[in-house]
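The structure under discussion appears below in the form of structure tokens.
Chains: A, B, C, D, E, F, G and H, in written order; residue numbering restarts at 1 for each.
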Amino acid sequence: MRAARLAQGDASAFAELDLERTARRGFPEAVYCAGKTAAQVGAIAAAVAERPDVTTLFSRADDDHAAAVLAALPDAAHDPAARLLAWPPQPPAPTGGLVVVLAAGTSDLPVAREAHLTARYLGRPSELVVDVGVAGLHRVLSKLELLRRARVAVVAAGMDGALPSVVAGLVSAPVIGLPTSVGYGAAFGGVAALLTMLNACAPGVSVVNIDNGYGAGHLAAQIAAPEPSR
Amino acid sequence: MRAARLAQGDASAFAELDLERTARRGFPEAVYCAGKTAAQVGAIAAAVAERPDVTTLFSRADDDHAAAVLAALPDAAHDPAARLLAWPPQPPAPTGGLVVVLAAGTSDLPVAREAHLTARYLGRPSELVVDVGVAGLHRVLSKLELLRRARVAVVAAGMDGALPSVVAGLVSAPVIGLPTSVGYGAAFGGVAALLTMLNACAPGVSVVNIDNGYGAGHLAAQIAAPEPSR
Amino acid sequence: MRAARLAQGDASAFAELDLERTARRGFPEAVYCAGKTAAQVGAIAAAVAERPDVTTLFSRADDDHAAAVLAALPDAAHDPAARLLAWPPQPPAPTGGLVVVLAAGTSDLPVAREAHLTARYLGRPSELVVDVGVAGLHRVLSKLELLRRARVAVVAAGMDGALPSVVAGLVSAPVIGLPTSVGYGAAFGGVAALLTMLNACAPGVSVVNIDNGYGAGHLAAQIAAPEPSR
Amino acid sequence: MRAARLAQGDASAFAELDLERTARRGFPEAVYCAGKTAAQVGAIAAAVAERPDVTTLFSRADDDHAAAVLAALPDAAHDPAARLLAWPPQPPAPTGGLVVVLAAGTSDLPVAREAHLTARYLGRPSELVVDVGVAGLHRVLSKLELLRRARVAVVAAGMDGALPSVVAGLVSAPVIGLPTSVGYGAAFGGVAALLTMLNACAPGVSVVNIDNGYGAGHLAAQIAAPEPSR
Amino acid sequence: MRAARLAQGDASAFAELDLERTARRGFPEAVYCAGKTAAQVGAIAAAVAERPDVTTLFSRADDDHAAAVLAALPDAAHDPAARLLAWPPQPPAPTGGLVVVLAAGTSDLPVAREAHLTARYLGRPSELVVDVGVAGLHRVLSKLELLRRARVAVVAAGMDGALPSVVAGLVSAPVIGLPTSVGYGAAFGGVAALLTMLNACAPGVSVVNIDNGYGAGHLAAQIAAPEPSR
Amino acid sequence: MRAARLAQGDASAFAELDLERTARRGFPEAVYCAGKTAAQVGAIAAAVAERPDVTTLFSRADDDHAAAVLAALPDAAHDPAARLLAWPPQPPAPTGGLVVVLAAGTSDLPVAREAHLTARYLGRPSELVVDVGVAGLHRVLSKLELLRRARVAVVAAGMDGALPSVVAGLVSAPVIGLPTSVGYGAAFGGVAALLTMLNACAPGVSVVNIDNGYGAGHLAAQIAAPEPSR
Amino acid sequence: MRAARLAQGDASAFAELDLERTARRGFPEAVYCAGKTAAQVGAIAAAVAERPDVTTLFSRADDDHAAAVLAALPDAAHDPAARLLAWPPQPPAPTGGLVVVLAAGTSDLPVAREAHLTARYLGRPSELVVDVGVAGLHRVLSKLELLRRARVAVVAAGMDGALPSVVAGLVSAPVIGLPTSVGYGAAFGGVAALLTMLNACAPGVSVVNIDNGYGAGHLAAQIAAPEPSR
Amino acid sequence: MRAARLAQGDASAFAELDLERTARRGFPEAVYCAGKTAAQVGAIAAAVAERPDVTTLFSRADDDHAAAVLAALPDAAHDPAARLLAWPPQPPAPTGGLVVVLAAGTSDLPVAREAHLTARYLGRPSELVVDVGVAGLHRVLSKLELLRRARVAVVAAGMDGALPSVVAGLVSAPVIGLPTSVGYGAAFGGVAALLTMLNACAPGVSVVNIDNGYGAGHLAAQIAAPEPSR
């Protein structure tokens, strides 16, 4: 019975792991921890331990989730701000185009780090730039040289979410808008920034879910993938 | 009876005109035409004709409203794009600080014109600048000298509504965000731009209702008023 | 004065054309017709006529807009369903990776065509596939071979907007979710599909605005761009 | 006085129990614990103890509610993940058609269990299947044989909520969409999944409230009821 | 080329007809006309003409769509209020349980008729009852005998959408809530009724999309299907 | 058959008239015309003609509805602005307390008239006051004597909907907030005014649906009813 | 200075008490505790202690607020479930018409008690009836005799909020809909019930804010006031 | 590496301080603490300590943020209710026009204090007035003399948010509407007040974000700035 198997730490009782996904789709699967119990996440980590050939990410991991992963995979890399764990801990050697991740403000940093680390663990070179909001245009303009080297830019912003529009007007690379839940009341937990980005007046912007740094980083890794990996 | 008085074109049957408002508040009252019948607007225009000492604006006037006003006040000024009429037709000599009105795109022009003309008819010098959206920063940066002469800037933008954030980061004058209903589906008739402006990451931005060029122009005229008029 | 210049058909009175954008950003600018008068669009078309070296797209063109463009550029290509015109009429020779555009249902076809034609006019090879909604999985599964050749997939869907999730689970290319306003009451003009796509349980999906086929096609052209053009 | 009666544990002070409902409607009443005090729930449990001939469910029971029920009915069955208690603890012998409950992901499991147990306690045979999201179509396709034996399917999904559309395209049985509050920001606590399901492009899907596993299970038991019980 | 084939009235250019769906899923496919051109609908009707063994429904057909269908299938049945056409015109002999469709008010009648006719054309016996809103409980109570014979009830209501709650409290059959877009401003085009039904305090209610009479009728036909057809 | 009976103008085919409602509930039923065909409304009017002892109101009647009513009841009273017809045309002699209806602006007048006439036809004395918005407090303060004689006040306002709060702070009578759909974009068709009134900081305000003048007038007539009629 | 006066417990530093309101408007003012500090509420209670001739209510009082009030007014009446305190503790002798308060379910009881106690402390006779939801019509029908004696009914309901519609169809008294925040996800914290009540298909229903038992009770006391008190 | 630098308390690792902003824009930058860690805020405070010539504000500072600031800047001024710190602690000598800040109720006081202190620290004379809601018009009317001396008024209000409309009708100065999150359920955390203010029927009102006292105070300081500072 499932309940019994779960008590025995058998992840197959509640999750169908897809460890062949890397071979099939070119990118490994991540374990979304929110809504899972620490016991469930721990059981998945134990199952993963048999496959060091595949990089596994654990996203949205709170302290309890992280402890359960680290109990099964003691050398896993852990970034608490980004709520992300990775195992094996060493990212692959970078291949493909450059991913540039921008955080409009310091408060957007945790989500931006999640995107940056995800792209890095999925095999891309990645650079992270912080505090370049549109209220001080000189800041973003000073990063133009870096931005123009990017194969894709991830732009994390809360509040008005205006930075992706400005960046997309400056570069020819595609821009992934990553709205964050930072802001006062009518930011509506990131909805204002999300709508701004969906309505970007510069073409070349698409949008992922609010605070979804993992999704933005994954997509960036796909866009910047080297030819052979597709 | 009211119905009879209305049939006789007596505006007092359905509207309490406040022609002393200029003396009391320093600014004349406008007649909001939407939701009024052409007959009602015409009756108000006829009542206004006795007071050439007060500038009266008719806002949100469709073709029928405009015809009714012009029947009563044949020399009234009429800007069909801005849906605005003014009588007497000549604006007062400009006093106070400069009002600069920016339209992010050509599609924002009708609303921006309504703001520009309102500020002008309420007695301020006003300049209108078009097509300076953030997708091409060089356009707005080329207007910096003008912007820095402004006592107040009105910034009309639809879609992402990002321009007020950028402008507020460049000048020390207050910025009035004027969201317009321009844009694709998730612009939600101006709500996206409205939220962007409410969440402007640069301080110094406040917001008026969607497409409310009259309100933006009136407020700008108050902010830029010369000392004696307050 | 602007009004006079506009009357003379001088587009510089209300629009700052950016014909150097192709050189600067690698992609030409489009003229968004909605909210502009036919006269304004016609004046822009006349200005464009001097630059056959740059491909110009006119998006969201209704019948009046189209007539105004065709008066100035009689040989422009016109797709009424997609509300798109292009001049010069011949798209550039295709370079870069393959763009595959999927329309979940026949009702999504106009928006999907706008994306397909935009990608094509911006220089990419592009294929359009119709009526592959998730209610009949065999339809989309029968297109797997084509999908796996794509450098990027644009997936247009209204109603439940579920197709991008399914496609992203099948391929390693990035997927651009293109929500359409097709559906019954609680589709809310495309909001339901938009939310579905933002919440895609398969990573690799990002989203553009509702019915924004132009934006999806432009972004796809950027993602699939050949190395030298970046 | 009511207050006194309540102090004495007399449930009739604040609740009109309807223990004849099974006879009248064919299904027993459940006690919705959320919003009730533990004392109120305990008093109801005590009243129920006199009627072992009727199965009573306590839904949305937090730890305090559960303790109060177990104090009055020590042998009640309790599933903490599903927040459900049942008394008498043994479900009736299964009659009628098969109810199949699917959970798209592990995080949807608590709500899916609530549906599964409710259907089971209301007398139906029921099977629960986990982690069959649309991001890996092979998972759901591997359950086709089971799905085609179902008289009704309950499909629990958060995030994009796309699974019910796919399932409804595969089977002829009715599908009950059960949206869960699992997901990132723009999942809006289950609203995105709810809208997806309401807009399912495959006919045969109807929807219950977000996280309402009890309602889904009850409805499934009605749809799959054997002829005599109707 | 598709465009050419479409010009020649070849439906395969834009639609993948699924005429084997009846054999596979037990219910025929419907053609959703909204968003399709009359020419497209007409081409589909012409293709359908070769398969009189399958009942085809055309839903959401406006006058132009209907004319196109009737040109290809002159003897098709047409209910303009329900915006529905069926071919062959004669519904199959009724089998399975009784479908009872209730319309709370006269204004809900077109949507209720669409549900009633759909259930009937998919092979069920069906009864339609009108003007039984909760403001006059005696009306609905007078239909109790009929309601208790139903295998499933479809309850169409706009405004407060309260009728499904009341009906579900009276019968043991499952209730399909069918919200309509009837009502004053804060009915929000059926959203208020939709929410009411999702929150029905009586278990046994599930909900379909606003004004989606086709979906409600199809689901009812599935629930009331005779054993062999499942 | 119903269809046949409807063709014969037999209202019982689609509506259950409740002409005994006056005896039972003390107030007659109204016929809500929106969503009904002119033929249906005309058939109801014909049925009503046999009962001159009961006052029947037809609300939300467009021109076609009105023509159908007047064909059956040629002497019916008709107020096109309020979209209301009444038969018999003469309202009953007024009894009970005074109903005062205020319209904040001229644009709110049609809805306010509907409330005023409804209260009058249901038997109350009623006064209508126009253009007393809070932007000019002296206007509403000049009506204090009348307001303090009211048994109940109906306050119609769009835009900010602030008038009910102010009135409720001035009088001890209950205030019915009647939001109207008048205003610029972020008025959201009356939602802004509705929310303002629901959040009135002065107690004593309750709210009816947007533009629901009939509902406000009916409720006012109930509140101000003379003792014997209850 | 204000800060100093506040430190000294001088309520005039932050609140303008209006103890003459009873004389002026006929009803005393209440102190809304939410958002005030316990120190502020305590200072107000101390100020109130000098006026035993006026009944003062403290609404939305959490435990800290209540302790502060009881420190200043030790004999104040306190109903923790309703979060209400009253001083002097004895309500006035009842005058005027009967207020009947209905709670659809037990979970709605705290809000219903707040309405009931408010009406009682403002001087009306009041009866409270619990657990009469529309899922069991026999419950509410069994209270008809009481309901028909009411001068006004307050009907508290969460979830579908359908009870006010049903009650309004049964009585001639006005009905105050009191939506509560009880329910599953798509109850949206009471919004669903609020919308249901605003759209009540029976006339005679108006609505107050979600969970606003104080407002409902105050309004009921005004509607049922004896003639001399108005 | 950034992480290392952050560990060493080097603010440049995660924030680009803009201490020249006073010289450039005329107003100093504030540090928005929400979303930053206490360590990050402390590092910024340490960097600021080298620039006593610039006034730095720390907004939205919780207890941990405040402790970190005070550790680095022990003599900083701290207003816990307004969640604001300022350093150097002494505001500049007041210049420019008078800023009047009104709080509708005591619960609006924290946000109003944030606006008042911000204006004061940015160099303006400022007065704060409390508890002048529209439910008691005599309160606001008693402040008319002060209001008419204002160069700009900031009006903080929750619930119905009606006060800015009333104030704008009384004065010729511009009014900044500052919605607060105070209120019952349908206040929606300040959205109701925000919408009211956006729809103010008196011209001269603009709006900032919910609870954004800092933004309102900053804008007021800009509007009331003395001529030379612009």
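By definition in this document, a contact is a pair of C-beta atoms (placed from the backbone, for glycine too) under 8 Å apart; a residue touches a chain by one contact, two chains touch by 3 or more.
All figures in this text were calculated on a predicted structure; none of them were measured in a lab.
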item: Between the pairs D-E and D-G, the one where more C-beta pairs touch; value: D-E
item: Computed distance of Cα centres, subunit H from subunit D, in Å; value: 49
item: Intercentroid distance (Cα basis), subunit D paired with subunit B, Å; value: 56
item: Computed distance of Cα centres, subunit D from subunit A, in Å; value: 35
item: Touching two or more other chains - residues of subunit F; value: 105, 136, 169, 183-184, 186-187, 191, 194, 198-199, 209, 215
item: Touch relationships between chains, expressed as pairs; value: A-B, A-C, A-D, A-H, B-C, B-F, B-H, C-D, C-E, D-E, D-G, E-F, E-G, F-G, F-H, G-H
item: Subunit E-touching residues of subunit F, taken from the complex the two chains share; value: 2, 13-16, 18, 21, 32, 34-36, 40, 179, 181, 189-191, 194, 209-212, 215
item: Touching residues on subunit B, where the partner in the complex is subunit H; value: 25-27, 30, 151-152, 169, 171-174, 176, 194, 198-199, 203-209, 214-215, 218-219, 222-223, 225, 229-230
item: For the subunit C and subunit E complex, residues of the former touching the latter; value: 105-109, 128, 130-132, 136, 139, 158, 182-187
item: Residue ranges of subunit E touching subunit G (in the complex, touch as defined); value: 104-105, 133-137, 159-162, 165-166, 168-170, 183-184, 186-188, 191-193, 195-202
